[in-house]
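Read from first to last, the chains carry the letters A, B, C and D; within each, the first residue is number 1.
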Amino acid sequence: MKERKPLRSEMGWSKPDSITVRGYDLPNELLGKIDLGGMAFLEITGRKPNPREAEVFNALLVTLVEHGMTPQAIASRLISICSPEAMQASVAAGLCGVGSVFAGGSEQIARVLQTALDGKDAGADLQAIATEIVEDHARRKAPIPGIGHPLHKPIDPRTPVLFAIAEKNGYRGRYVALLEAISATAEKKLNRTLPINATGAIGAILCELGFPWRICRGVAIIGRAIGLVGHIAEEIRNPIAYEIYERAEHEVMVNATEKP
Amino acid sequence: MKERKPLRSEMGWSKPDSITVRGYDLPNELLGKIDLGGMAFLEITGRKPNPREAEVFNALLVTLVEHGMTPQAIASRLISICSPEAMQASVAAGLCGVGSVFAGGSEQIARVLQTALDGKDAGADLQAIATEIVEDHARRKAPIPGIGHPLHKPIDPRTPVLFAIAEKNGYRGRYVALLEAISATAEKKLNRTLPINATGAIGAILCELGFPWRICRGVAIIGRAIGLVGHIAEEIRNPIAYEIYERAEHEVMVNATEKP
Amino acid sequence: MKERKPLRSEMGWSKPDSITVRGYDLPNELLGKIDLGGMAFLEITGRKPNPREAEVFNALLVTLVEHGMTPQAIASRLISICSPEAMQASVAAGLCGVGSVFAGGSEQIARVLQTALDGKDAGADLQAIATEIVEDHARRKAPIPGIGHPLHKPIDPRTPVLFAIAEKNGYRGRYVALLEAISATAEKKLNRTLPINATGAIGAILCELGFPWRICRGVAIIGRAIGLVGHIAEEIRNPIAYEIYERAEHEVMVNATEKP
Amino acid sequence: MKERKPLRSEMGWSKPDSITVRGYDLPNELLGKIDLGGMAFLEITGRKPNPREAEVFNALLVTLVEHGMTPQAIASRLISICSPEAMQASVAAGLCGVGSVFAGGSEQIARVLQTALDGKDAGADLQAIATEIVEDHARRKAPIPGIGHPLHKPIDPRTPVLFAIAEKNGYRGRYVALLEAISATAEKKLNRTLPINATGAIGAILCELGFPWRICRGVAIIGRAIGLVGHIAEEIRNPIAYEIYERAEHEVMVNATEKP
C-alpha cells in the first residue's frame, strides 16, 4: 500500500471545553472582538487584519453583496419556490453562477496584475507593462478584465470611492497604478470609454492586500452569498419568482403553439 | 391571458451614475461606512443595524464561520480538486449541506420559540411554556433543537459568551429566558446534561433581534459560505482532499476484493 | 481512539485490467448489453432488471425528463449564462430545485402508500385504508400527494398510459389500487376533481417495483438531470435566459424608481 | 424601453389534455416506446435516435454511470448526511465536481477533434493533423486530453469495447481514427504508454454522433447524476460518510494539537 500523507489543517478544531479557530480561542478571543469582514480576512489568510486592512477589506466585501436582480438572484429565487424547505440549496444554486461572466472579473484582473508584476521591483516601468498587456489582449482579441462597463459611463461610481478608501489606509500602490495605466492605454488604443469598473478596482486592491489571484473569486463568493440570502428573504416576504416563471412558461407555450 | 403581477423588489438597482442598495447610495452612504456584518443585517432586514444590533449580529455570524473539518468542508475540498476552475461550484457543494443535521438547528429552535411566544404578552409564564414544549417533544420522541452537544459538556463554551454579548447590548430577553427554561426542564425530565448549545443560543438571539424563523438558516449559510472559502483557500495552499479520496477508494477496493 | 468502522461499498472499483460495477464486468457484461434505464435500475438496486421491470422503469424515467419551462429549467439556463465554462454548475443549480414542491411528490406518495401497507397482508381492506388516509390528511389540512393537478383535468394524460404499461408487465398491484381508492375517496369527500397525477402514478409504480420511498426522489432527480442538460443545450443554440433576466431587472428598476 | 426578444423554446409544453415533448405526444408517442438513453438523445438533439445511434449512445452513457468511490461520490455522500431531507442537494453537490479534472475530458478531446477536422474533407491527412496536435500540446506543455490513464495500462479495457460497438453500428469514423493517430503519435514522441482512455473514446464517438463539443460534458453529467443517486441510495442502506468525516476530523485535530 502506498504510504499515506498525514491530514493537516490549521482551520480549527474543538475539544470538550475549547474551540480553536485559526489559532485563536473562539469564544474568548474572537466573539465580540472581531467583525465579520475581519473574520473573513482571518479565515482566508490565517491572520487578523490590522484596522486599516479591515476597513479596506470590509469595503470590498460590502461592494459585492448586492447587485440587483442578477441572473444569480433570479435563479436562487426560482429554486426557493421549488425547495422552500432547503434554503441552502437555493443559495447554492445562485452561487453556482459566480463564474467567469458576472463575477469572475476580480480574479481575472488580479491574475493579470500579479503575473505582470511578479518578480518586478519597485522601479518597474508600469506604462510599458500596461502597453504590453493591452497589446497582448488586442492580439488575442480577448477583452481586458476589470475595465469598461455596459451601464456605468463615463465612470463606475464605486471605483473612485474604493480607491479613496484604499489610499486613505495605505493600500493604493502599484497594482492600482498598473490598472489605471491599463485603462488609460486601452482607452487610447481602442478609442472607447473603458473606465476601471468595481470588479477591476476590487481585484487590484485585493492584490494590494496580498491576496493570491487564485482565491480572489472567493471574495466575490462571500459577498454574493450574503446577497442571495437577502434575495431569498425578500422572496419569502414578497414573492416574484413564481410570476417570472409563469410569464416565461406561458410565452414559450404561446410562441410554440399559436403560430398562424 | 391571466393578469400579470408586477415585479417589485427593494434590493437594489443601478443607473449610469448611481447604485442604490436597500435604499442607500452604495458608494457614498455604505462603502467605508458599514462593516460586512452590518451590511448583511441591512441586506436581510432592509434597515441598518444600530451599533448594539451590529455588535450582536457580528458575534453570531463570527460564531458560524469555522467549525473545523466538517462534512461540508470536506465536500467543498473534494469538489475543488475536481473543478479547480470553478471555485463557486466547490462552495455551493459544501453549502448544500447546511441542512437539518449540522446547521439547521438555529432555524428549528427559533421556530419553536417564536411559535411558543407568538401573541403572548410580557407576563407569559415561561416555565409553563417550557414544560409544555419539553413534554410535547418527549411525546413525539423528537429531540429538542438547540440543547445538548455530543462534545461540549457540561457546557458549550460559546453559549455564555454569546449571551453576555447579547445582554450587554440589551438583547437578552424572553426568547433567551424561554430557551434557558427549556434546557433546565429537559435536563430534569430526561436526567441528562442538555446545555444550550451555540446553535440554540444563536437561534434565541436571532429571535431577540426580530428575525423571523424562516430566514434564520440564512445566517448559518452566510457564516458557512465564508468558512468554505477559507477551507478551499487552505486546500489550494496545502491539499488534503486527494488524500482523503484515495484512502477511501483504496479501502473500499481492498475490502470488496480481498475477502478470504 | 474510537475504533474505526471499515469502509465498504458494493458500487464499483477498478484494477489495471478490469472495471467492476455492481458486481459486473463493465466492459464485457454491461456495455452494449444494458440500456441506460436498466443501468440506472442496476445502479440503484444492485441487480439487473428483468425485461418487464426494465420496460416499466424506463417509462417512469422518460416521464420525468422534460416538463417544459419549469423554474428549475430557467434557473439552470440563467446560471449557464453566468458560468458557461462550468455546465455542471448549471445543472446542479437546477437540480437543487427538485424538492418538495415541483418534483418531490413521488417520494411523498410512496411514503404514504408504503407506510399504509407495511405489514398488511394481501387481504387488507384497501378502501378502509384509503378512507383513513384521506381523513387523516383532511384533519391535518395537509394536501394528499399524488392526486390533483392545476392544469391536467379531468385526468392527467400520463396516468392511464403509465398504469397500462405497469399492468401489461405485471406491476399494477395493490399500491396502485390503494392510490386509486385514495383518489376516488378524496374526490367524494372534498367534492373536487382529484385525479391521480403523473407524480402519483410514478410513486405508486415505484412501490410496485420495490423501491423504498426514501430513494424515490432519486428517480425524479435522474429524469430532471437529463432534462436540464437538454435545456442548457437549447440555451447554447438559442439563448433566452439573458432576455428573461433583462426583463426582470428592467421591470424591477422601473417599478422602484418611476413611482409617480 | 429596449425592444424585447420573444422567448422561444422547442423543449416542451402542456395543455389540459396533452403534453408535448420535443414535438412528440409524450403519453402516446414516447412512454413505453423509447428507452431512457434514447430519450436523452431526443432531449439533447431534438430528434429520436435510430436504433444504431441508440445502441451507441446508451453504451456511452452506461460507461459514465459508475466510477467507484470518486471525490464526487464521497462529496454527495457527505452532504447527504448533513441534509438527508434534500437528496437533490446531495446530488447537486457531487455534480458540481463534473469539471475539468475527473470528467471533463470528453468535452476537451471532442473540442480538439472537432476544431482539427472543421472544414476538412474526407481526404484530410489525419496523421499530419495528429502530429500537429501532439506537437502543439508539447509546445504548450499541455496534456493531451483523452489519452493515458493512471491505472489502466497498457490499455483502458473500456476503449476497445466502445470502439467495437461504434464500429458495429457504423459510427467508427474519422474522429476515432484521428484520436488513434494522436495516441500513437504521442506514445512515440513522449516514449510513454498513452492509450486512448474511456473519456477519449466517448469524446471521439460523440463527435461521430454529431454532438457539438460544447454539450459533450452534458453526457458525462447525465451519467454521473445516475451514479450519484446510486451512491446516496447505498449510503442510506450502508452509511460510510460519517466514518470518512470522523476519521478526517479526528486526524486533523490530533495532528494539530498533539505535537511533541
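Heads up, the rule we're going with is that a contact is a pair of C-beta atoms (placed from the backbone, for glycine too) under 8 Å apart; a residue touches a chain by one contact, two chains touch by 3 or more.
Bear in mind that the values here come from a model prediction, so they are computed numbers and not experimental data.
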item: Distance in touch steps, counted as few as possible, from subunit A out to subunit D; value: 1
item: Chains touching both subunit B and subunit D, listed by label; value: A, C
item: Equivalent interface positions on subunit A and subunit B, same or different at half; value: same
item: Comparison of B-C and A-C (more C-beta pairs in contact); value: A-C
item: Of all other chains, the one whose Cα centre sits farthest from subunit D; value: B
item: Rounded Å distance, subunit A centre to subunit B centre (Cα mean); value: 22
item: Centre-to-centre distance between subunit C and subunit A (centres being mean Cα positions), rounded to whole Å; value: 36
item: Whole-Å gap between the CA centroids of subunit B and subunit C; value: 30
item: Interface hub residues of subunit A, defined as touching at least two other chains; value: 7-10, 13-15, 68-69, 83, 85-86, 88-89, 92-93, 96-99, 103, 240, 244, 248-249, 252-253
item: Contacting residues of subunit A [partner subunit D, same complex]; value: 6-10, 13-15, 83, 85-86, 88-89, 92-93, 96, 248-249, 251-253, 255-257
item: Residue numbers on subunit C that touch subunit D, as the complex places them; value: 1-2, 4-5, 7-19, 21-22, 26-28, 30-32, 34-40, 43-44, 55, 58-59, 61-63, 65-69, 73, 86-89, 91-93, 95-99, 103, 151-153, 157-158, 160-162, 165, 212, 214-215, 217-219, 221-222, 225-227, 229-234, 236, 238, 240, 243-244, 246-247, 250
item: Residues of subunit A that touch subunit C when the two form their complex; value: 68-72, 74-75, 78-79, 81-86, 89-90, 92-94, 96-103, 240-242, 244-245, 248-249, 252-253
